[in-house]
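Input: structures, listed below.
Both complexes shown next keep chain A, but they swap its partner, so chain B is in the first and chain C is in the second.
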Partner chain A sequence: MEEIKDKLELLRGRIPRAILFAIFCAFMIALPALIGKSWLNITVEMLIMALAACSLNLMLGYTGMVSFGPAGLYAVGAYTTGILLAKLGTGIVPAMIAAPIMAAIVGWGVGWICVRRTQVYFALLTLAFAQIIWTIIFEWYPVTGGDDGLVSIPTPDFFFSITNSYYFCLVLVASCIYAIWRIVNSPFGGTLQAIRENPGRVEFIGVNVKRYQLAAFVLSSLFLGVAGSLYCVFSGSAFPDYAHWTKSTDMLVICLLGGIYNFSGPIVGTAVYTILIKTISKHTMQWNLILGVIVVLLVLLMRNGVVGFLSQKLSRHR
Partner chain B sequence: MNTVQGISGEPTRLPCETDSEVNPMTLEAALGQMLSGISLGMVWFLIAAGLSIIFGTLKVLNLAHGSIYMLGGFLCYHITSTLSPTPGVFWIALIVAPLLTATVGGFVEVLLLRRIYGQDMIYQYILTFGLILIIGEVCKLVWGVGYNTVAAPWPFQDAVSLFGLAFPRYNLFLIGMGILVFVGLRALIGATGLGGIIRAVTHNREVASALGINVPVVYTGVFMLGCWLAGLAGALMPPMSVVALGADLSVIIDCFIIVVIGGLGSLPGAFLGAIILGLTTAFGLYIIPKLAVAFGFILMIIVLIIRPWGLMGEPD
Partner chain C sequence: MLLQVKELWKSFGGLIAVCDVNLQVNSDEIVSIIGPNGAGKSTLFNLITGHISLDKGAVFFKDRNITSMPPHEISSLGIGRSFQKINIFPRLTSFQNVQVALFSATGLSRSLFSKAKLLLSEKVQDILESVGLADQARTLGGLLAHGDQKRLEIGIALALNPELLLLDEPTQGMSAAETAQTTELIYRLSKSRGIGLAFVEHDMKVVFSISDKIYVMHQGAMIFCGKPEEVRCNEEVQRVYLGKEKDSAAKS
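Showing the complex of A and B:
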């Protein structure tokens, strides 16, 4: 174990980050040639989930707002694209541009009410709004298809090839995650982190905390909308389940699994979570039980997630 | 009122409702709906009271509270079906099932929750969310995915005629139980030495500890009391409804709405909130079935905007 750590340490010292990053990019670009179609499918799902989790972490890890309702805004994005394509017959470009805008508008309305309260109440309010969105989708049969959802949404032929879908998602997800990275490393992102650490003091130095929290909420909704829209186009369908609160808790677990105080946490968390589920469900029907045990152990033993855990281990040997 | 899954689960259907047009509401029908709503609200009150007491004292929002309720329902079904021919079997289940759920709660508090007090709230959420998954899956393994029923016990099987309307006796019994538990809890917390200790720990943990109160034991006790209440609700519900998976998630959201309307940590608030939500759901289903599921949430949002700390809660 010690030897491996030393070698890792050596690697870290010798290879600059930029090269590691370039290798990662090359790997992602070469991926369709390396793995089979079913795994490529899973990778696309992972990419979209990673974007959703990063958007959530903008609130969760960077602003310290625990939201229980990200799935609601994700579903707004998915249904906006789905309804525009299936019911109104617009092109793919306006349908995909409208999704984040719609999600941001809904996010602004929801966020405006939610940021009035903090802590438990904030979490419960976001949960309530997500459930309202779920209810609207579930009940508004003529527009959303109710519990049948929207199926066989007409998407361009381009997306019939899984490789095309993969590259499309890769480019879009990568640019969105880059945008989020720029946001959290900007002075604005710094203010958000200051709010996370101590909202009271930030208020004292003359920052309008609520306004910043609302901004974080809207930005998070915007990117969740992109993720939802992508998933709708990729799968060619939209279901009320997208807004269900179990979907929100999935996203929360992913963020926590990867580590909410690292930018790459949600991305790593998505990969670990997806692989865990795929392998566990191959062997047993009771994967919920195992997932529950993993979640409990995670909270008790590895609170900073996989990324936090690893970076702690590595820095100790530096 | 046949199922508990009013707000968040499958839309509940009442026998009398139609989707197409608004029913003209007679006085008898209104009274009938009112009694249904209140009896449903009473079961919710038991669960919400446990949730609220736990939050008030431990400052932990127990997401798995609905799972404890569901476990109570399954245990009630299990006991009544195994001891089937014995007379008064339901009453045995009503005593044993809540005690078992309280024991489960005790283990959860001592082994798991105790390690995360004072940490960020997200860890409580995720930990108790993990418990939802575990308890749900264990129930599925033991009792399967079917719908199980429990017959209404003697002497509450048949219906009683009220205002010219046949009304199940069992629902009246539920209303009585709700009021009894409310008064009992008020007395326990307000007028006994034990209640004094709980109140002291709720107000200030450090000072209570300095005065020689064994705070960890009080925490465990309060958590077990909350789980006992959830188990009691779970055992009371089956004769009025069915025992099935999925009740955990739907009931917990209803309870969140109740405690937010009433005020987190306030017992009278939970009582008031439960009645309000019960009535809203019953009348909402009767008048606009399609929107009934949203009424509870709309109510909660209105309360949070006008009086963010809840109707009976105190501003922080």
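Showing the complex of A and C:
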């Protein structure tokens, strides 16, 4: 009886959110008809970045593991797909399936070492490994093209149309984000959040904390691999930049900006960050400086990010 | 015998924190450990539960040597613990605090795709009710009153269905009324569920009212062990710890 009452209460709270969500879905589906090609291009980039940010947040916001190396795994995904398509001539499907698998394997190896340490040391280890990945990509000319990168990667004709690319990305990104949503709302996800809150206590409820942290690392890497692979197919290229620490910090800033303690935080953060960059860079050459100042202000004034700030305001008015 | 600690030694650098300590707890028995601050009581608990490694000695739980086991394995065997400093999950609700411990106890922690929200809610509510927090199920752990947080700690420990409970200062920072409530709670839990209980306490009223056996520690060593009346009358214990409390303890 109690369970039925609880479920009804949940539904009541959910209906306005369900309507908003339905409107959002309709908007995303109708988007190619509403905006021009260049903005559609930007939207595809935002979708891919949103997936990367949600993947990072699985570690950052949900498990409390600050990683400075997500770009490394993102690049592994991109290069796996790129190398399979360009150098080995495989089809698009195996090339895109191999990417998250490869990223998960690398993530397992890197993560196993990194979780031996905590906090600052963990963060530094992730940064070091991302730089190792960058260096391998940069130096391994015969396979990765070195600093020339991989260009004009052969992708199916389907992707020549920006509208097709958009819908492809939308479906894949939405599916992955849904999978991440199911994971964070599962008992496993609840355990990860407990680890974020108090790793020492979690040891003493019978949970092998390192094993769960590693699992979070691997899952995060898997989805980062999907994002990297998507970007490779969308842009038809792969560059060492994809693994650079500046790309990692972009992802971190996006998560912080949107709010790491809310599921939609990284998604909103991506939109805010991308729109800020595009608008500011139209007006000034010093867009990096202005962006930096705005980000600092936003992070100082909105301690739980944009989504955190908004949900606090909304709950006060209820 | 539920818990047996044999000749435990631990030093930190030059400081001997625990020195040749022996301890026994039987099922259905309530044992308290008292002593001045710095006597090594919390260190003793940390050694038993595997949070710190010991130098010499052994710990047996139900005749099984658990000496070098990691904490997560020891807790899976049936030892629940609460901590001196509040050790809960502040940004999770009371419900979620207990629920995540239940996930671990039932092996559900590995479940990736089921929905956690209402899972095991009957069991969670039962536990919250047994520690008097049923009406605070939706409150964030970090926002609970201090006494309620202490009780939530006990709730989390209970979720693992322990056979032995180690409580480190369960009534610390509580008012007289809260202390009486919590004392009654842990007594009832221990006797009704047949759980062996060992707790560290500074409140002598609590110690003398429910303990079957009292261990007294001083400067890392166990200086006396016995029934409450024996402890009260022991001169060394009085000198080292009870002191002026002898009179008030005798009255209670």
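Brief remarks follow.
Everything below uses one rule, namely that the second predicted complex is superposed on the first by the 302 of 318 C-alpha atoms of A that agree within 3 Å, B and C clash if a C-alpha of one lies under 4 Å from a C-alpha of the other, contacts with A are read in each partner's own complex, and residues count from 1 in each chain.
Definition applied: contacts are C-beta pairs under 8 Å (C-beta built on N, C-alpha and C of every residue); 3 or more make two chains touch, one makes a residue touch a chain.
For clarity, every value in this text was computed on a predicted model and none was experimentally measured.
After overlaying the two complexes on the shared chain, residue contacts for A:Leu252 are found with chain B alone; chain C is out of touch.
By the touch criterion defined above, A:Leu172 lies against neither chain B nor chain C after alignment on the C-alpha atoms of chain A.
Residue contacts after overlaying the shared chain place A:Met65 against neither chain B nor chain C. Measured by the number of chain A residues touched, the leading partner among chain B and chain C is B.
Of the two partner chains, chain C is the only one that A:Thr191 touches; chain B does not reach it. Shared-chain residue A:Arg303: touches chain B; no touch with chain C. Contact with chain C, but none with chain B, is seen for A:Arg182 once the two complexes are overlaid on the shared chain. Contacts of A:Ala238 after superposition: neither chain B nor chain C is touched.
Listing the residues of chain A that touch chain B in their complex gives 60, 66, 68, 113, 116-117, 119-121, 123-125, 127-129, 131-132, 135-136, 138-139, 245-246, 249, 252-253, 256, 260, 286, 288-289, 291-296, 298-300, 303. Chain A contributes residues 2-3, 6-7, 10, 182-183, 185-191, 193-194, 196-198, 200-209, 212, 261 to its touches with chain C in the complex. Chain B meets chain A in the complex at residues 7-8, 11, 55, 61, 112, 115-116, 119, 121-123, 125-127, 129-134, 136-138, 141, 249, 253, 256-257, 260, 264, 290-291, 293-294, 297-298, 300-301, 304-305, 308.
Those residues of chain C whose C-beta lies close enough to touch chain A in the complex are 49, 51, 70-73, 75-76, 81, 83, 87-92, 96-97, 99-101, 103-105, 108-119, 121-122, 125, 156, 159-160.
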